[in-house]
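So, here come the structures, one by one.
Shared between the two complexes below is chain A, which pairs with chain B and chain C, respectively.
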Partner chain A sequence: MDMILQQVINGIVIGSVYALTAMGAALVYGILRILDLANAAAYAMGAYAGLFLYAATGNVMLAFAGALLLTALFGLVIQKYLYVPVLDRPPIVPLIASIGLFIFVQDLLRLIAGPHIREFQVRIPFGEIKTESLTVNSTWIFIIALAAVLLLFLWYILTRTRIGLAWRATAQDLETAKAMGVNVNRVVALNYLLGYSFAAAAGIMVSMLYNSVYPTMGDVPAYKMLAIIVLGGLGNPVGTVAAALLIGLVETLVAGYVGFFLPRDAIAFVVLIIVLLLKPEGLMSKTVK
Partner chain B sequence: MKVLRIENVDAFYGKSQALHNVSIEVREGEFVTILGANGAGKSTIMKCIMGLMKPKRGRIFFRGSDITDRPAWDRASMGIGYVPEGRRVFPELTVEENLRMGGYRLPGKKAVDENIEKAYALFPRLKERRSQLARTMSGGEQQMLAIARALMPDPVLLLVDEISTGLMPILVNHSLAIVDNLHSQGITVLMVEQNANKALKYAGRGYILKTGRITMEDTSENLKNNEEVVKAYLGG
Partner chain C sequence: MYELVVSINIGIFILLALSLNIITGYSGQPTLGHAAFFGIGAYTGAVITTKMGLSFWLALPLSGIVAGVIGALLGLVSQRVRNDFLAVTTIGINFVTVAVFQYVPFFGASFGMSVKKPVFMGHDMTNLEFFVLIAVLIVLVCLLCVRIQNSWIGLALGGIRNNEAAAAAMGIDVNRFRVIAFTIGTTIAGVAGSVYAHYMTFIYSSDFAFVTSISILSMVVVGGMGTIRGAVAGAVILGVLPELFRFVSDYRMLIYGGLLTLMMRFQPEGLLGNNSLLWNGISSVLSRAGISPGSRETKEGAADQ
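What follows is the complex of A and B.
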């Protein structure tokens, strides 16, 4: 029983990280119908920024805050100077731009920090939960709590603020939202600001979990992010969180109980294929349209 | 005073030209209609005025100032209300949220709340349904909501795009009566419509649009009696 609980908690930790990774790209897709793979560049960039800031300050909260701020600014700049100028082109153009940016950022990180794996050992300023057979270490608690805070913050913005209302209207009908006076560029800017800082948070969390930071660490999350976006109903924030948790749980449970009959990272796509066969519109697409 | 002046506008969808040298004027207090068959370019004119499409040539003036290069989101706050073709209410927002979106550029929450109360006074049905999702309402109710939403920014000019699309005849009459009532309260109206009979009943003046070109412009009286118009648009 505790074994199951242990695996479930582990799955929730992984799922929270996936949710933060995919959210920015899902929200952008929800509004602009473009895929932003470079969202996963923010993930690696955030991890490095977190690593260096932690080394410099020794304070994990400061490291997170600084890294989130930095990648948020990065997101703002690239949406303004890279994406907005190509938005009236066919969607393949911003997609290719995002792939190019993704590769560029990875190589930039390699140039700055070197190709080798760096360790990221963090002391969390509080203890772990331990029972006879169950251990929830402090890194896990920290990750779940921080992910919950960030996602609740997003939920608050989307449902309780004026710009959040504009975001929802824009996702439902971009053209009409414009005609009502919504400066769509501003909504998209907010989207990048939040999305990239969320991806950065996810990057730092994963680095802490696996004690490693490397330039291409965004590769697998980039592909997995696509599976989560599709499963989550192509831009539905609640659906995205649900899909991320589902994949996190399935991965952990399959790896824990069934064993490695296939690589762990392939499981997300197996889930994707199964869900698309049974429910082609995604898990929660109804609330998007 | 001219509220709207469209000068020699050409517009394209990709390579195909939708508007050819279109010029239209709407004076303050007028109710003007643009008549034309499906695909004649009526909605394209509306989108150009609203900034949702950029004309390739020509200028658009609103109350004397050139708005051709202004983004769409500035035009609502300048005093243009827009009732899009097919209503286009935000399906997953509540009635009240839809109205809030209509008043998105009003200065301050108080102004928005006041105008929402005005909209409820005008359409009590919307007040009953205030927390209902727009997609769960009937076509007629959605049309009311689309009109109420367009009134939120206190528009000087109301653009009404094909109000009859997808509505039962009785609801078409009802919607047109609402627009006519707004006109009599001082709002200038530009309405494009396929249903020429009904449009000419309310409008004072009309343009005929044929495959992207304005072919005729006259008072509604004269258009109703014009043999060509009767034959082509009034089923005579």
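What follows is the complex of A and C.
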């Protein structure tokens, strides 16, 4: 029983990291209907920025803040100079552009930091929770808490602010929102600002969790996050979180109990195929047809 | 013979670029897992000749069929999502396929698989004979592509690519034509894989990874999506560059990634695609010199006169 509880907590930790990874791309898909693979580049970029900043300052929060700021800036720049100019092209154009950017950044990281795996050991300023049979690692607590804070912050922005209202209007109908005077460019900018910093946060969290940072670490999240977007109903933020937690739990439980002949990263894909066959519009698709 | 080896490699990539062009260029489906079908063909060929001891000439079509059948099935599943999400499922297909080759002992797992050199006219096939075989395959695939372009399928695919909703409203069964394009493309990739396996005589799962898919996509995009000349030119350019400049192969992914992004931002038609700057220039020079650049409109016009 406690074993199951342990696995469930583990699954929730992984799931909340997935939620942050996928959120940026989900938000972009929600308003622009383009798939942004470069979001996975922000993930690896954030991890490296966090690693170097932590080595320089020795402060976890400072490392997080700096890395988030840096990748958010990167997101702002590329949306302005890369994505917005190609929006009126067929969707395959921004998609391939984002793939190119993703590969470019990955290789750039390899050239700057070297191809080897770097360790990322972080001292968390509080201890673990331990009962007789259950241990909740302090890194886990830190990750869940930070993920919850970031997601609540997103929820607050989307539902309680003017720009959030503009975001929701744009998500419903871009053209109508434009006609009603919504500054769509600002909405897109906000989207990338939040999305890329979330991806960076997820990148640092995963590096802390597995104690490793490497240039191609964005490969698996690149397709897994897109699987999560599909499951979550194509751009619905709540659905995205639910799908991320579901994938995190299924992965952990299947790998822990059932066993699977393929590596655990393939599980998300199998889940995706099953869901596509049964319910092609995704698990939660109220907002998007 | 260095030139021959380079030519064979480029030839295999021309086949792959042409086959991806049928899927991505003609029907507008962005697939990022083309190397998976290349790999399925390679491993199928290896199993048929090396494990089952059958002839290479039997393995060649069979590898194409196996890759095509798997492609058709996955294509059918992928049609259930919006077109851009095909990219997702195909990345996934690529990762899962490589994982199967890498973890299942039957396929040699992480040790890779050795393949018997095929016998041709009583001796082991030489590189020159491989080169001729690949050249013949390229010509056949080009003929097939021309045939597709000028057939009803080609027109339907063009309609789907330009405006899916309008094509569907005209009564075109969008999904059916997409799956047809997907099946043809993956079949050719499977044949190319079988040739590759028997030419290399040793295959690793990592030969067919995501990176290879990206290389093939880069070739099609750089050359010009939707045209035969674009796919061929892209494969030749990106195949020759690393041979001419040593640094290109060290920074291959950096250059491919940068090229993809810059191409999409400034010249989404590719170098030689329809309406690209370079091709418009070439066409106008050719027509001034009185030579038809080979587009269908001018050919039909000439026939009318």
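The rule is short, and it goes like this: the second predicted complex is superposed on the first by the 286 of 289 C-alpha atoms of A that agree within 3 Å, B and C clash if a C-alpha of one lies under 4 Å from a C-alpha of the other, contacts with A are read in each partner's own complex, and residues count from 1 in each chain.
Here is the rule we go by: a contact is a pair of C-beta atoms (placed from the backbone, for glycine too) under 8 Å apart; a residue touches a chain by one contact, two chains touch by 3 or more.
All of these numbers come straight from a predicted model, not from anything done at the bench.
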Next item on the list: May I ask you to decide whether A:L234 touches chain B, chain C, both, or neither, giving the answer as first, second, both or neither?
Entry: second
Next item on the list: Determine, under the contact definition given at the top, whether A:E175 touches first (chain B), second (chain C), both, or neither.
Entry: first
Checklist line | Residues of chain A touched, compared between chain B and chain C (which is higher) | finding: C
Check: Does chain B (first) or chain C (second) touch A:L62, or do both, or does neither?
Finding: neither
Note to self: With both complexes overlaid on chain A, does A:A266 touch chain B (first), chain C (second), both or neither?
What the structure shows: second
Next item on the list: Check the residue A:A166 against both partner chains and state whether it touches chain B (first), chain C (second), both, or neither.
Entry: first
Notebook entry, point to check: Of the two partner chains, chain B (first) and chain C (second), which one does A:V184 touch, if any: first, second, both, or neither?
Noted result: first
Margin query: Contact-wise, after the overlay, does A:I157 reach chain B, chain C, both or neither (first, second, both, neither)?
Written below: neither
Item checked: Footprint overlap on chain A, comparing chain B with chain C -> none
Next item on the list: Note which residues of chain B are touching chain A in the complex, please.
Entry: 50-52, 71-77, 82, 84, 88, 90-93, 97, 100-102, 104-105, 149, 153
Next item on the list: Please give the residue numbers of chain C that touch chain A in the complex, ascending.
Entry: 24, 28, 30, 32, 77-78, 80-85, 87-89, 91-93, 95-96, 99-100, 103-104, 161, 210, 214, 217-218, 221, 251, 253-254, 256-265, 268
Checklist line | Residues of chain A that touch chain B when the two form their complex | finding: 162, 165-166, 168-169, 172-173, 175-184, 287-289
Item checked: Residues on chain A engaged by chain C in the complex (per definition of touch) -> 33-35, 37, 82, 85-86, 89-97, 99-108, 110-111, 219-220, 222-223, 226-227, 229-230, 234, 261-263, 265-266, 268-270, 272-273, 276-277, 280
